[in-house]
Amino acid sequence: MRQRPDRGEVATYIPELARVDPQAFGLVVIDADGSVAAGGDSDVAFSIQSISKVFTLTLALGMVGDRLWRRVGREPSGSPFNSIVQLERERGIPRNPFINAGAIAVTDVILSGHQPREALGEILRFMQFVADDPSIAIDERVAASEQRTGFRNSALANYMKSFGVIENPVDFTLGVYFHHCAIAMTCRQLAKAGRFLAHSGRNPATGHFVVQPERARRINAVMLTCGHYDGSGEFAYRVGLPGKSGVGGGILAIAPGKASIAVWSPGLDEAGNSHLGRIALEALTKRMGWSIFGV
Amino acid sequence: MRQRPDRGEVATYIPELARVDPQAFGLVVIDADGSVAAGGDSDVAFSIQSISKVFTLTLALGMVGDRLWRRVGREPSGSPFNSIVQLERERGIPRNPFINAGAIAVTDVILSGHQPREALGEILRFMQFVADDPSIAIDERVAASEQRTGFRNSALANYMKSFGVIENPVDFTLGVYFHHCAIAMTCRQLAKAGRFLAHSGRNPATGHFVVQPERARRINAVMLTCGHYDGSGEFAYRVGLPGKSGVGGGILAIAPGKASIAVWSPGLDEAGNSHLGRIALEALTKRMGWSIFGV
Amino acid sequence: MRQRPDRGEVATYIPELARVDPQAFGLVVIDADGSVAAGGDSDVAFSIQSISKVFTLTLALGMVGDRLWRRVGREPSGSPFNSIVQLERERGIPRNPFINAGAIAVTDVILSGHQPREALGEILRFMQFVADDPSIAIDERVAASEQRTGFRNSALANYMKSFGVIENPVDFTLGVYFHHCAIAMTCRQLAKAGRFLAHSGRNPATGHFVVQPERARRINAVMLTCGHYDGSGEFAYRVGLPGKSGVGGGILAIAPGKASIAVWSPGLDEAGNSHLGRIALEALTKRMGWSIFGV
Amino acid sequence: MRQRPDRGEVATYIPELARVDPQAFGLVVIDADGSVAAGGDSDVAFSIQSISKVFTLTLALGMVGDRLWRRVGREPSGSPFNSIVQLERERGIPRNPFINAGAIAVTDVILSGHQPREALGEILRFMQFVADDPSIAIDERVAASEQRTGFRNSALANYMKSFGVIENPVDFTLGVYFHHCAIAMTCRQLAKAGRFLAHSGRNPATGHFVVQPERARRINAVMLTCGHYDGSGEFAYRVGLPGKSGVGGGILAIAPGKASIAVWSPGLDEAGNSHLGRIALEALTKRMGWSIFGV
């Protein structure tokens, strides 16, 4: 990783991600009325990486409902995002849908016998739908870069396959996974895409019901307990909002009933979450009194 | 454990706890106005066990502030309440103040060179103060029962001592720990004691400021991510409130700004949390729209 | 696994192996003078599986010498043959060359930039050379069966690749690995192949020096401490000889200075080693006074 | 630990052990005829520490026979001498009698309802008997030093107690354990004490049968696979003899049928075994052709 003392370090394990400007910073807040506050690089697209897991979880729950939880748990993992130890102990069932193994299992559910291209199309269209923006696309260079270097994820997928938790050919599932992690979005697009989680499952801008209110609450709950890998407790303690980070430096945070927030700053802390992004969200939540844990 | 198919199993590893009536059930809700809704065995005292950890955490933070976090983390553990594996990996620093090892470390901070009797008196008086009820007492038989059989906790304490995380004599720290876990309270008393967490650090009944608003939020955050051991994700997903359980079958849950809730049913689920208690809280939260994750 | 109460269970995780006759039993002992004692199915070929790891270790040491130990350790693992947990703790370096991960790393050293077919040819020729029998061949159906189902090994290889411990394309290394495990040999051939280890690195039958005496001793030492996965202590305790087992039910055991022994019985014990094979070796060693731990 | 670049580091975790002269070195070899070769500080007493575990294992096997193996395993641990992780996974049963947990369990078997003083007397008399030297004694300062600082061992003992693997009061068992580890012996005494293991269970000097031949072989086997903690594979690979090390810097090594060897040099390597001691044994074994793995 390149050293960024005050901003954390930019992820370099996916070569393509290392090219990003470490000084970039963007923030967009959309409140219940649809008012948008945007600052910095709010219209620069970045690789959303693991933030895509919020949307694949939503999509998979829509497809198979609570049967999804036979393939993945919903407990915090107490270990880094790419740990394989827990899988051995728990016979191939990942702890939650937001660690890599869990997201791969969720992707496998979405794939479900279809061709990778179809499944990927479905995920992308779902993202365009919730964000109400058909221009959202996959950064193929990032996807290719991950595919060339994603040996750890390949290990996780093969390991789950050995327990029967992955049902499709490993390469198919991984192909879809690498591609949806490589979706590029701006903070503005991301904040729009998160609105249904802030407003009981309905996007106020489009009027579309994406999920039932209970499901929106539950996805928020999983984000709160598992959304920042082994820094989830820290994020809850400091920010007090459900959120999901990606190694591209983005974070989507939800203030239920109040706002959808997207922040982007590429430097990461030790747990792999955006360093400045978390600090910005902590300051914002405090100023606005948006913590879900009390005013 | 004795089999209670529909209610979970009563904890028997502390012999004295096994004597409890498995049919017991109590529930008390105190809302922002101080209105009390009580049902069932709401005035029967039970052993609060690990629920005491919420109050020792609050007390220790009041004594040493954020320096407490040098001795204990605040991340979910991803393992059972009495696991020792994590301690070896992380050199004696417990993951959070709500697993046994963490609560023992917090107790050691409170003890801090004093005599066990003094430290215990301080904890008990603090509990009486927040609950505004001087009649709250320790069940000496339960404390003695734990002291005779608490080898696992003794292992945890000695292990942390070997890393210097425990500073007082191990027997002193454990003595205080076993006794504060043996505090007996009714649902009514417990719900009263939790009000400061629901109302920005201030108990509306007494007007006492127990902690600053930010500290109340943060304690709630730790409860949400770590309050139910390896069932914390499940509790957040189903109930959607910060809460802390004890193996005596009690749960204290906080609806920030709205209510303090205590429930008691001795049968436990696999993760060691009250089975019916959780179900009751899930139904109540849903009915009242109190989930912190959205309406 | 198919139940064989008195004989252990035949491995079924490689479908092709499950077809073997569970009643089969063969034993061949070749002493220092070259006298051969053979019994049972001593001329029936079986899949040597992990016994091939003794020969790939020997070959790799011949190619790169002690530099091999930068890529693999030589300590017992304290865990099953296909565990991945240890790899995470030790950053991709397998504990020893006889667990699957270690043998895959050794195979990668042999491959070393060549085409899989060449590397495999080299391994097969080496086996034919030490056994002095050019008829030894690979069972392609077994190799194909492993290649279709070896997800766990694929996970191990990809995991090591993520740490840079595997240098060739994962599929190349695994292809060679699956094929050398699928070498089919009879007890007679296997006992002949082991003679250089019993006689200071030289095969008395051919007069060929395969390795230096010190290297033969050291390979025997690794067989003793690591040759039976998590049953290595048990094998040393009961049999008292260096040995290497395979899930095909074969065991190669070495009585230094005295004899090379091959036994085959497909039923496995819990640690994955031939049940009757171990019992036969225990009786034989006791009768002959061959234990390396004293008469 | 104090730095001794060329000799390893002297153990300091038991304060009393840190006082030893790091330059000390002693070596005694007693061959089958009783010829003694002695060099260096061969008559300076040192703390035998874990080497005592060989003799408590022998004593306990004499008392309860193979029933001992219900309380302790005999597989290498794949982890450091004081690891507690394995105990959680295997429900309180230590992997082998030579890691600390295992030796504590063996001590508990010897104690078996007696007073600590009696059990300790029995162990000491057994040591005097096998060494044929009634002057062997316990260094009380070392024992007291361990008792004051042995929190890790106390954690192990309490942890096993929670699973019922320790039957006596924890303090009793630990008291006996700390004291037998504090036995002080010279290399000469230690080499004499090991002779029964080199000669089929009989001490040629006294003619006493200490154990049956098979038991001597089996104890040697456990020493080979487990005698040097997580450096057991390395010791077998380099030295090729059954051996047991102690953090006092001593090693007892057995060349079956040939010699009993004791070496002492206080500097330890990373795995906690005497650094120069191992090197001296490697050179000696090579010179004499004593490796059990071939000439």
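Letters are used for the chains, namely A, B, C and D, taken in the order the chains are written, and counting of residues starts over at 1 for each.
Keep in mind that, in the parts below, a residue touches a chain if its C-beta (ideal position, glycine included) is under 8 Å from a C-beta of that chain, and two chains touch if they have at least 3 such contacts.
These figures come from a predicted structure and were not determined experimentally.
Engineer: Please indicate which chain is farthest from chain B, where distance is taken between mean Cα coordinates of the chains.
Structural biologist: Farthest from chain B by mean C-alpha position: C.
Engineer: Rotation angle, chain C onto chain D: superpose the C-alpha atoms of these two copies and give the value as a multiple of 5 degrees.
Structural biologist: The best-fit rotation has an angle of 180 degrees.
Engineer: Report the inter-centroid distance (CA atoms only) between chain C and chain D in whole Å.
Structural biologist: 32
Engineer: As a quick test, compute the distance in whole Å between the mean CA positions of chain A and chain D.
Structural biologist: A distance of 54 Å separates the two centres.
Engineer: Where the centres are mean C-alpha positions, what is the separation of chain A from chain C, in Å?
Structural biologist: 45
Engineer: Mind pulling the residue numbers of chain B that touch at least two other chains?
Structural biologist: none
Engineer: Mind listing each pair of touching chains for me?
Structural biologist: Per the contact definition above, the touching pairs are A-B, A-C, B-D, C-D.
Engineer: Note which residues of chain A are touching chain B in the complex, please.
Structural biologist: Per the stated touch rule, the residues are 73-79, 86, 95-96, 197-200, 213-214, 216-218, 220-222, 224-226, 230-234, 236-237, 240, 242, 256-257, 286, 291-295.
Engineer: Please give the residue numbers of chain D that touch chain B in the complex, ascending.
Structural biologist: Residue positions touching the partner: 83-85, 87-89, 151-152, 154-159, 161-162, 170.
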